[in-house]
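Quick one: structure below, then a few questions.
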Amino acid sequence: MKVIADFSVTPIGVGVSVAKHVVACQKVLQEAGLEHRLHAYGTNVEGEWDAVFAAVKRCHEVVHAMGAPRVGTVIKVGTRIDKDQSMEDKIRSVETKLRGER
Amino acid sequence: MKVIADFSVTPIGVGVSVAKHVVACQKVLQEAGLEHRLHAYGTNVEGEWDAVFAAVKRCHEVVHAMGAPRVGTVIKVGTRIDKDQSMEDKIRSVETKLRGER
Amino acid sequence: MKVIADFSVTPIGVGVSVAKHVVACQKVLQEAGLEHRLHAYGTNVEGEWDAVFAAVKRCHEVVHAMGAPRVGTVIKVGTRIDKDQSMEDKIRSVETKLRGER
Amino acid sequence: MKVIADFSVTPIGVGVSVAKHVVACQKVLQEAGLEHRLHAYGTNVEGEWDAVFAAVKRCHEVVHAMGAPRVGTVIKVGTRIDKDQSMEDKIRSVETKLRGER
């Protein structure tokens, strides 16, 4: 089952700056070979359900290993069986309509 | 790795009433033997990472099988390595403090 | 416009224990006179859109005033124009169906 | 109070395709003059708390007016009082670190 997901990982108890933990998690996605794109409040990722969630779990493990006693993550995940759709398709579908209406 | 999680499943393309899909997902959690509690905007669940996420995946499969072409889920998941904490502990910790301050 | 919402506030940069901040936010909801119920991963709340979101904003202000340099919140909010539904109605609708199928 | 937020609006009960509702909500953000950027699972937006949440409320109103009986939205919102940070800053902070480690 293919998914388009979005997630943001928050380490708790490591102070106010969390960029290095986000970086570590980006590398987990790269190593997993998953299509992903960072935005200002999380990361979009697409792939098979198990691969995507294995990467999120690995992020928790890595961020704990960096010293975070608590890690909280918000994940949004969408699946559809009516058609195949990529992250690019979703964005293009909206942007095309937006341009058409101007 | 033990998790406390919260998730809400939204079937898309099946009309306005989604209670039967929520029910189907509650049964997935019962069959998985996972500690869980329904609230007005999702379900709290605790257990091992793999068991919890296998149940969420199973919810998507079941809700698709009921006819939903799209399913979107929001999951919040927390892990901690500093101490063992249950869903009950989290709620009690806040409620005890609330009572103490009244 | 009436809403049923769910939100969880996470202070960042104040260490690992955040229960006192959650307590402060519960008191904001009480003072606002909003129907609310704590669960293990957030708080359900219902009321008029403006009152609910004013309370969430007040939570950020209060938690910053307690010393948190960063605050992150996840809010789920639902509105419907087809019928009036309370938090209790949502839960009862699922629980009734669950019992009926056993 | 300045916020960086991310939100995704889901109309319920209007069928499987929701792109036109997303488009309508993008136009709400444009008309509000808020800095925003669409991604594959929502939209980043920054601005003053009240302006951002007024736009999210307007999205619900517009999507209901397009015929959706139910609308559900997930919002992540972050505030910080230790420094001023834009959406661009957040992304650049991670990307710079990522490049530095390659």
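All chains are identified by letter, namely A, B, C and D, in their written order; residue positions are counted from 1 within each chain.
Here is the rule we use: contacts are C-beta pairs under 8 Å (C-beta built on N, C-alpha and C of every residue); 3 or more make two chains touch, one makes a residue touch a chain.
If you're wondering where the values come from, they're calculated on a predicted model, not measured in any experiment.
Where chain B touches chain C, over half of the residue numbers in use are shared by the two copies, so each contributes mostly the same positions. Remark: among chain pairs B-D and A-B, A-B carries the greater number of C-beta contacts.
Centroids of chain B and chain C (each the mean of its C-alpha atoms) stand 16 Å apart. A separation of 25 Å divides the Cα centre of chain B from that of chain D. Centre-to-centre spacing of chain A and chain B amounts to 20 Å, using the average Cα coordinate of each chain. With touch defined as above, residues shared between interfaces to two or more other chains in chain B number as follows: 13, 16, 69-70, 72, 74, 76, 78, 80, 82. If you check the complex, the residues on chain A that touch chain D are 4-6, 8, 16, 19-20, 22-23, 26-27, 37-42, 44, 46, 74, 76, 78, 80, 82, 87-88, 90-91, 93-95, 97-98, 101.
Only residues 10, 12-13, 15-16, 18, 69-70, 72, 74 of chain D touch chain B when the two sit together in their complex.
Contact residues on chain C toward chain D in their complex (touch as defined above): 1, 13, 49-50, 53, 57, 60-61, 64, 69-82.
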